[in-house]
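Below are two complexes that have chain A in common, paired first with chain B and then with chain C.
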Partner chain A sequence: MNAQTLISFGRSLLPVLLRRGGQALAVGVLVGMLSFLMMRWLPGDFAYRIAAGRYGYDLVSAEAAEAVRRELALDAPWYVALAGWWQQLLAFDLGNSLVIGTPVIDEIRHQLGHTLMLAGAALGLSLLIGLPLGVAAGLRPGGWADRLGLLVSVALRAFPPFLLGLLMVIVFAGADLPAAGHGEAANLFLPALTLALGLAAGSSRIVREAIRNVLASEHYAFAQTKGLPLSLAVWRHALRNMALPVVAYLGVQLVFVIEGVVILETLFAWPGIGHALVHAVFWRDVPMIQGTCLMLALCFVLLNALVDLLCLALDPRHR
Partner chain B sequence: MAADSFVPRRRALLLGLGALPLAACRPQGDLPAAVEADGQTLRLVGPWEITGLDPSRAGYLFSRTEISETLVDLDDQGHYVAGLASEWSVSADRLHWRFRLRPGARFHDGSPVSGAAVRQALAFARVKPGGLGMVPIERIEAGEFTVDLHLRQIFEPLPAVLAHSSTQILAPECYGASGSVRRIVGSGPYKLSLLEAPQRFAAEVAETWDGPAPAIRRLHYLAVGRGESRALMAESGQADVVYGLDPASWQRLRGNPRLQVQAVHLPRTIYLKLNAGHPLLARREVREAISLAIDRAGIARAVLRDESAAASQLLPPVLPDWHDPALAPLATDLARAGQLLDGLGWARGADGIRRDGQGERLALKLQTFPDRPELPVVAAAIQEQMRQLGIAVEVAIGNSSDIPAGHRNGTLEMALGARNYASIADPSVTLLQDFGSAGGDWGAMGWSDPALVSALASLQGSGEAAARAALRRQVTTTLQGELPVIPVAWNRLVAAVQPGLAGFSLDPFERSYRISRMRWQS
Partner chain C sequence: MKRILAVDGLSVRAGDNALLRDVSFALAPGEALTLVGQSGAGKSLLAQAIMGNLPDALQAAGTVEVAGVASAAADHHTRRPLWGRQLGLLPQEPWLALDPTMRILAQVEETYRHVRRDGNAANARQRAREALAGLGLQDKAGHYPHQISGGMAQRVAFAAVYAGGAPILIADEPTKGLDRRMRDEVVTLLREALLEGCALLTVTHDLEVAEALGGRLAVIEQGRIVESGATTTVMQAPQHPYTQALLAAQPRNWPAEPAPASGQPLLTAQGLAKAFGRQRLFAGIDLCVHAGERLALTGPSGCGKTTLGNILLGVLKPDAGRVVSHAARPFAFQKLYQDPVAAFPARQTLRQTFADLCRLHRLDPGAAAPLLAELGLDAALLDRLPGEVSGGELQRIAIARILLLKPQLVFADEPTSRLDAITQKQTMAVLLRALERSGAALVLVTHDDALAERVAGRRLAIDTAY
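Entry: the complex of A and B
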């Protein structure tokens, strides 16, 4: 990379980083507040919910709930509790789980790793599935690959991840693939594939549009006119243009990933952040909810920033 | 072409950016070697998550897997046998109990299990839920290898409480300042080798164990919340033992020649808790009518897929001291139930729902919770059966704690729960909690019977065997006649086991997985 390109890339980098940094801060404040307030607005007695989470339905009783109320000072007004959380957060402390009792940050470190592994594998698989299908559809719009692709992606997108997950378990149960669990590479396959199918359903259509637009463009026509062989024309003049909308769409797909992860982790006994979030909501484990939501939100901003940077690197017009 | 020269570097940069999220993916913590069917590691799967290390929380997982021990143990019939305490004795006034610790018992850190360590563990257990808090303990004294419990009043079920997992004995180093448990160091045949809360842990044979060496050298436990997923793990051979099969999976796997499926009746009963303080439920006739309207055989067959699950009385046959075969079984008779309500002048309105004397529509709310997946389905069946009787029922599925909370603030109308009456091995302890003078969070509400309370209280004291049997009979007869709670079904524990595993059995008291009794068939 020559010096000038590097400088111009660096210059256009700064606004992206500033903007996303500001967003991260705003998102952190908002998510922390909102998850706290939403929990407060939910019906049901906190002390009883936490006691049920801790001791299970056999041992939850009014005495256990009152003991929890005393231990955690749940009678304190809400603003005291919220202020306490902010104070802790400023000291980079997410507090302790009210149910399990361990520091929230330790739980998240363990879970976020698993979730990112699942999400990363799903994104990778979705590209492996979505790219070739999209290219095949885009090269001959209206052909059988295109029409079949449309049908399958509408169907896959319409399936809730939970149902799709169950179907995958049943379909693959005979193939010696683990139905649930974690710790082995094979455990990753089914949840990742379930998630990837939904993602590929979307991205294959985007790839198809992108390919079509690029092939119809003047610069591609010119590349062909000047006599470049097909492979070189595609490599030099189509691929990068096509990559732009596909990469930008990855940012949009993150929403789908998070939604899917929350459901699928429970189904496949995958110890990720979605699984933890479902439990924490059920148990009213507020520090855990605030911590996981905060981390998810920050991941969101970070990954969107990465998508921005990738687009910036791919598209010289924005520099 | 100058431009070409930077393409590889640019590509490398792009690749690097793309790989960033993947690089962050490696989960923290030590991942153990893959858990495979290596003929060594026993792979257990169950629905129970590790919601905390504390004995009062998920500590039962560590006592079930024989990592930690309780002072007292139970044999298959529920009789007390030696655990960490090799023997015990009671003073003549029955207020002073001395437990002698097993000579040679050591914690997994190598330190001997001393009287002081036991005293500390029991002192922490007293202030946590689980049962020891109910025992009228005056003080606990520790000798070198003995522990003395001095009681304020006679409490005969003490060994039953000391067999409960919440009183398991952990090494002193496990407890934090306020009694919170930070790690698990027990004294059983297995020691914890991996812990990844909330879903899995592993254990291996402890060299400190003074008993016969177990044949199973290593075990791995995985919590899988979905019943369907658990059943599939059994079918695909991904687990050696799967606990907690749902009724549909049980029925399906029973026909699988590659699996042994075992079931055992639990001392756990699915029952309807009623607010007898509610104007519609105060009369005994109404409770009897509801009981007559419930088709227990139908629920057992269609929902639980187990004909023997229909409850004929509150306490199941697995508690032989408490199950009374002479009691007239609870019956289903919709016509008789209708007559009872007709007799009160509660006639049906145009919508088929009855009105009481004041013209009030008979509509009730039934609360239950999904932690036991069969409960919402049974609730739906009861809803329909009560509609046929002319009572409109709204089913609310919420959190298990809604039931004690509703009991305390008086808003509860009906609840469907599943109560383990031998959670403390002597059912009189749980029954006194549930049917005491103020009712109980999981028992009677707005109903009490002084004779029953006194009978249950007498059972906590000492007495001759015949007198105690008479008291028990009085308790069961009163509960059957007055129906402060309406029994619906008896629960089973079902497990699927790989055929290569020998010596497998299920503990009806759910205290142990009995892993040290199992072995691999060669």
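Entry: the complex of A and C
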């Protein structure tokens, strides 16, 4: 990148950061409010569920529930509780877990690392699977690799992640791969592969389309007729243009990643943020739910901002 | 003189369908040969067959000899190493041919660095800068293709090809989509290349380009060369009926149209001005269109002709000034678009489109059939999709669609600029006869001065003085 490119890149940076910053704020307000209200509207006695979470279903009693209710001031009107949460949030305090009593932020810090590891491994694997399949299909559109690729990706995309995850457990049960737990690299493999298959189903088709378009483009033909050897024509004029839609599609796939993380972590008992979210919903641990949802939403906005910046760096037309 | 390019018995087939038949010619350094003919006559295939990059579905036969080395036309591998070094190909649409993600300096520089390879690659950047400066593009070296005009893009493409030092230049429709001024610039470039000793093979449907390039002319009809000779001779005394028809179809050779009687004012505009952002298009335009009148708006690309028309139609608001319409009813002002394919829904049969139009405006569904017959169209065409009808037919169908609404004024935006000369003449005649019958006025946008002069009684030139 030369100085000129850096300047034009820098100038177009500000609008992206402002837009995504504003989105982060709006998403924070909406997600915080919605998760709070939805919890309030769920049927069942709040205090009873929390007490059950603390002491176990066998030991919980009406007195224990009453004690919890008093301790956490659960009979306060909903707007008082909501205002209290907002007040805390403005001081960058996510509160303490109602069930285990530790600060939510400590829990999330621990879980986020696991989640990012899973998401990163899944994205990496999806590239390893999707790129070669997409290239094979794009080089010969309508060929057997293309038609087979289309069939498989439609089938994979049609499977909800939890069903695909269950199938993976069954298929790999004989292969001595652990279906649950964490700590070893092998534990990461199944959930990451499940997520990666769904991602590769989409990205391989985008790669196929990108390659087909670039190979048919007039600028690629011109690069060759003006005398560049094939390898240079590909390196200088095809790769960057192919990468544009693939990178832009990454932003779309992030939704799939976040959704998949929540479901697959639960299925494979992977101690990430999605796993924590599902448990928090179960025990009505409102600060925990709000904290994890907020963190997932902010991650989503942040990653989208990164994709935007990458697109800006690759494509001068956006600057 | 020693010949540098020779083509002998070249044919191109798609299965049983012969697209080019038995084409032979030879070119010496510094000599120009121009191939003209209607679109679909196989002209562009000739350029591809010589280069050796025909689509896989086509089969070539015959021989191509470049700088004394002959190879079979079907043998794509022999001539590929000659690309850029012996055979330079100027692209059809330079705007699309330049890499959108690379600065133009780098796109010229890489030819010096990777193609020319005359031991001077270290200076590639400097030489590319000089080449761009020589074409008046010194300020644009750091720009990307989307930041420059079509004419500039053609010059950049020329620099990128010319840098390879190929002694044979093939220009495939090098002026497609360019207005007169940009077209003249391209012709100047090609003439300079000729003076430098390049052999030049140009494929075009623009006879004025052929005339300006001089040299020899070959006329292609249905894949076959029907007449060839010195350009001036062929143009002055065409022998073959097809060549005669082609020449007669040039707007400057059209018979002059008698001006129709005009009536009451239909539309008056005062002090119109419009700008997009910081770019001022026009200001202080006054005009009046009378019933039945024909007015032409002329000017180079990007001067705001289309925008002015849209303001007159009331589709766009002017920045200043006002338009007063005396239309007798709503929808009395209609627009005919430049690209008819884009003006029809792509995945719906034309019959459906007409039926929808009749339902929307409560018209008699039977009204279309006689109109189509008047315009010389077969009603069976309506059962096709817009992409399955030829450009000239589709534009006539578009005219029929407009006439259904009984317009008082038709704003025709370059309605024939995408058609070849013979189809252009037919289509324009059909449009004028139809307007004559219905008594509607015409506002014609065109960048072709000869066309404007033949068709319109009155002309308004918009220039880019702003």
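Heads up, the rule we're going with is that the second predicted complex is superposed on the first by the 319 of 319 C-alpha atoms of A that agree within 3 Å, B and C clash if a C-alpha of one lies under 4 Å from a C-alpha of the other, contacts with A are read in each partner's own complex, and residues count from 1 in each chain.
Simple rule for what comes next: contacts are C-beta pairs under 8 Å (C-beta built on N, C-alpha and C of every residue); 3 or more make two chains touch, one makes a residue touch a chain.
Since this is a predicted model, take the numbers as computed values, not measurements.
Asks: Using the superposition on chain A, tell me whether chain B and chain C clash or fit.
Replies: Fit.
Asks: Tell me which touches more residues of chain A here: chain C or chain B.
Replies: Of chain B and chain C, B contacts more residues of chain A.
Asks: Under the stated touch criterion, which partner chain does A:Leu267 make contact with: chain B (first), chain C (second), both, or neither?
Replies: After superposition on chain A, A:Leu267 lies in contact with chain B alone.
Asks: Taking the superposition as given, does A:His279 touch the first partner, chain B, the second, chain C, both, or neither?
Replies: In the superposition, A:His279 contacts chain B only.
Asks: Regarding the shared-chain residue A:His219, is it in contact with chain B (first), chain C (second), both, or neither?
Replies: second
Asks: Once the structures are superposed on A, label A:Leu228 by its partner contacts, choosing first (chain B), second (chain C), both or neither.
Replies: Second partner only.
Asks: Once the two complexes are overlaid, how big is the angle at chain A between chain B and chain C (Cα centres, nearest 10°)?
Replies: The vertex angle at chain A equals 160 degrees.
Asks: Tell me the contact category for A:Leu314 with respect to chain B and chain C: first, second, both or neither.
Replies: In the superposition, A:Leu314 contacts both chain B and chain C.
Asks: After the superposition on A, what does A:Arg54 contact: first (chain B), second (chain C), both or neither?
Replies: A:Arg54: touches chain B, not chain C.
Asks: Rounded to a whole Å, what is the shortest Cα gap between chain B and chain C in the overlaid structures?
Replies: Shortest inter-chain C-alpha distance (chain B to chain C): 5 Å.
Asks: Does any part of chain A touch chain B in one structure and chain C in the other, and if so which residues?
Replies: Residues 314 of chain A touch both chain B and chain C.
Asks: Which residues of chain A touch chain B in their complex?
Replies: 1-2, 5, 44-45, 48-49, 51-65, 67, 99-102, 109-110, 113-114, 116-117, 119-120, 123-124, 166, 169-170, 173-174, 176-184, 266-269, 271, 276, 279, 282, 303, 306, 309-310, 313-314
Asks: Flag every residue of chain A that touches chain C in the complex, lowest number first.
Replies: Going through chain A, the ones touching chain C are 4, 217-219, 221-229, 232, 236-237, 240-241, 244, 314-317.
Asks: For chain C, which residues are in contact with chain A within the complex?
Replies: Listed in rising order, the residues are 51, 53, 83-85, 87-89, 91-93, 96-103, 110-111, 114-115, 142, 144, 146, 157, 160-161, 164, 166.
Asks: Would you pull the chain B residues touching chain A in the complex into a rising list?
Replies: Touch list, chain B to chain A: 2, 6, 9-10, 13-14, 17-18, 20-22, 24-29, 31-32, 34-36, 45, 49, 51-54, 56-57, 128-130, 133, 166, 180, 196-200, 222-226, 228-230, 232-233, 235-236, 238, 369, 371-372, 398-402, 404-405, 407-408, 417-418, 420, 423, 441-442.
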